[in-house]
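These are the structures, in structure tokens.
Two complexes follow with chain A in common, the first pairing it with chain B and the second with chain C.
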Partner chain A sequence: MKEINIIVFALLFYNSVVAQDKFLTKEGYVSFFSHSLVEDIKADNNQVLSIIDTVTGKIAIQMLMRSFMFKKALMQEHFNENYVESYKYPKATFSGELLNFSGLSAANNETEIVGTLTVHGEVKEISTKVQVEKGADGITLKGNFNVDVADFKIKIPAIVSNNIAKTIKVTFELHHKPYK
Partner chain B sequence: MKNYFLLSTFILLMPIFVLGQDLEAILEEESVDTTMVVAGTFNGTRLLNGHSVETRKKGILEFLISHRFGRINSGFDQLFGLDNSNIRFGFEYALNDNLTFALGRSSFEKTFDGYAKYRLLHQLDGEKPFPFSLTFLGSATEKTIKDYLPENKPTFSERLTYTGQALIARKINQNLSLQFMPTFIHFNTVPEAIDPHDMVALGFGTRIKISKRVSINGEYYYNLNPFESMDFKNSIAFGVDIETGGHIFQLILGNSVSMIEKGFITETTGNFFKGDIHFGFNISRAFQIKKTK
Partner chain C sequence: MRGNQFKILIGLFLVAVLGLLVSLYYYNKPHVDVKHSEAAYILTVQNLIDEYQTDENESDKKYSENVIQVQGTVFEISTLKGNSVITLKDEGFESSIICHMLPEDNKRALQLKMGDEINIKGICTGYLMDVIMVRCTLVD
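And then the complex of A and B:
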């Protein structure tokens, strides 16, 4: 019976070590901002899921398009119904890697994040600078980047083309906690 | 001993399988299946003549201008009805996402109308789906045209008519929505003694989207006990909705002149299939008076 005890103990220990390799958030923040001469449009999503594997530096992010909140309710409806077609493409996802992840420290906390962004069913390679804060209780990623609306085949009708920017600024802030 | 060894080897390998599990799969597992409101059953608050189940979101003031011209079969002399125009102006304010108050005035019989519209149930999908939306409409109208002899001047209450309506709708898919509208109308005054004071009508409506911003709508009201003194016809209308941001344009062909429930459901006399068709339009402009956050 002793062997079993040892095995069980070893397994518990082993598993707890393994679990520390991943960091997750379900309440990440992503916003986008469109500036035009006519109006500024901003939408926030506070229900972004993101997970980091600290061994490989790999990262996966996903969010529901319908969780983006606008100041104007009608805009939010049009965003989902007419522009990103949330009923057909409910999620935006990112899958990629934080370069030189293990080499990052408090002094050297900036790196590149590279990977593929999928929005409206269209896949696009992106790379952008990201700030990584590694703490005892979590990992925080912060940054922003620009995307072109046309890259994701989101059609903007001529009548509102002055209201919506061709390039959208995306800002993210993700506070990951250890994943058990 | 051999069994323990096998078992422990297997269990020891387990975490490695877990490690190998990709991050996307973990996110899928972690993502909660939320319940979402099905939005956009109809483009606007009007299907054609009558209401749709939609209400405006909190803080939106909607200005509606509606026109119904004369009968198309009135010939060139009347420019196919365009010489004759009936108009309704309406201001509609959404106190919250589910409750709208409105005031309107129609040139036809110089009628004022006020209504309250409350959305009780939303169609939901996701974790806990719900199959349909339900909205209630209560409206009162006052006819102010002086079509009486001076000695027969009606009192305020004699000029009033009330409408109660349940709007039940389901968005079947992105392109097809259906609506059912049981309606009750009470007249304080009726044209002739044989006419009923209370009427019940059943309405049916649909929206078929032909592109992201354009749809074809149809609406039909079947009146179960119409006025006896009138050559009454059930109200039928077809139209095209064009949506451009904050505006909605609705082009309408129908056999009714009136743009309020009490009018088109009970007082329509045009025979649609004999060409008694009125061209018309609704233009809606929504202003966000209060921000949602």
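And then the complex of A and C:
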């Protein structure tokens, strides 16, 4: 956790002679969706922190696991207490880079985002397609990707293993604004 | 003899129904009703931020997932997907408390002005660059 804070602050404050280089949101959206024959489960997080350095295309994202809101209180409780163990690992983070960031335009707005995703204390390399909408007043990133529950050492008890998918779809939508 | 067997059957049936009701209740149990919950801690904005910045882990254990009440100055009022977001922040400080309000508090939130001193009750979810609170409601 300390490490990612250093990355975030490095992105934010160092070599920030030109402040317009940084775009930030504290209200980013990340959701995940699990589909199984028994039920569909969805959780939304609208408090995601994300910072882009427009010079390098580097990006740092942080979110609180307890900010994921479920329809059913019991699911939210099980998620935090038993599956992702939020008391031990309160945050999920992503640190990486938007490839060819400076070459993106309205006509050519699709690229790859590559980096490391940390959930439940487990680190995994991720690479996925992302749509980038650049404007004077903001930068929007949109996309989705799949993660395997097992990759993050999240244990699902046998009794509910039919209720929860092995692969979870993660969707993100981040509307960054100029920082200060 | 037949009477006794019948009674046992009825008994088992009642236990099964009760078990089903209890598990249904738990399965559908509602989210914490912030409006009608007692706050576990009452603090000022700067006190809460100071505690998080001093020891994030300890503060998380203490406050996250709890209903807490904070007192502070309105720095910003915005809306996100139809719900109000109130940022409480003291002058001259970098960090704030970002309060995502309950939909039923929208009207009251929109009547607030920058600089108003208010009390907000909600569930703390932790700290990023700011302390985050969800399911918040204004306290008179």
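Definition applied: the second predicted complex is superposed on the first by the 163 of 180 C-alpha atoms of A that agree within 3 Å, B and C clash if a C-alpha of one lies under 4 Å from a C-alpha of the other, contacts with A are read in each partner's own complex, and residues count from 1 in each chain.
Just so we're on the same page, contacts are C-beta pairs under 8 Å (C-beta built on N, C-alpha and C of every residue); 3 or more make two chains touch, one makes a residue touch a chain.
The structure presented is a predicted model; accordingly, all values stated were derived computationally and were not measured.
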Fit or clash between chain C and chain B when superposed on chain A: clash
Touched partner set for A:R66, first chain B, second chain C, both or neither: both
First, second, both or neither for A:I156, with chain B first and chain C second: neither
Which of chain B and chain C A:H78 touches, first, second, both or neither: first
First, second, both or neither for A:I126, with chain B first and chain C second: neither
Chain B versus chain C as contact partner of A:D53, first or second or both or neither: first
Which of chain B and chain C A:E27 touches, first, second, both or neither: second
Chain B versus chain C as contact partner of A:L99, first or second or both or neither: neither
Chain A residues touched - chain C or chain B, whichever exceeds: B
Partner chain(s) touched by A:Y87 [first = chain B, second = chain C, both, neither]: both
Region of chain B that runs into chain C when the structures are aligned on their shared chain, from 58-66, 76-84, 220-228 or 274-282: 58-66
Residues of chain A contacting chain B in one complex and chain C in the other: 26, 49, 62, 64, 66, 69, 72-74, 80, 87
Complex contact set, residues of chain A against chain C: 1, 8, 26-27, 46-47, 49, 62-64, 66-67, 69, 72-74, 76, 80, 86-87, 90-91
Chain B to chain A touching residues, read off their complex: 1, 4, 8, 11-12, 15, 18-19, 22-24, 26-27, 30-32, 34, 36, 39-40, 56-58, 60, 97, 174, 212-213, 244-246, 286, 288, 291-293
Chain A to chain B touching residues, read off their complex: 3-4, 7, 11, 14-15, 18, 21-22, 24, 26, 49-53, 55, 58-62, 64, 66, 69-74, 77-78, 80-82, 87-88, 93, 95, 157, 159-160, 163, 179
List of chain C residues in touch with chain A within their complex: 26-32, 56, 60-61, 64-65, 80-81, 85, 98, 100, 125-130, 132, 134
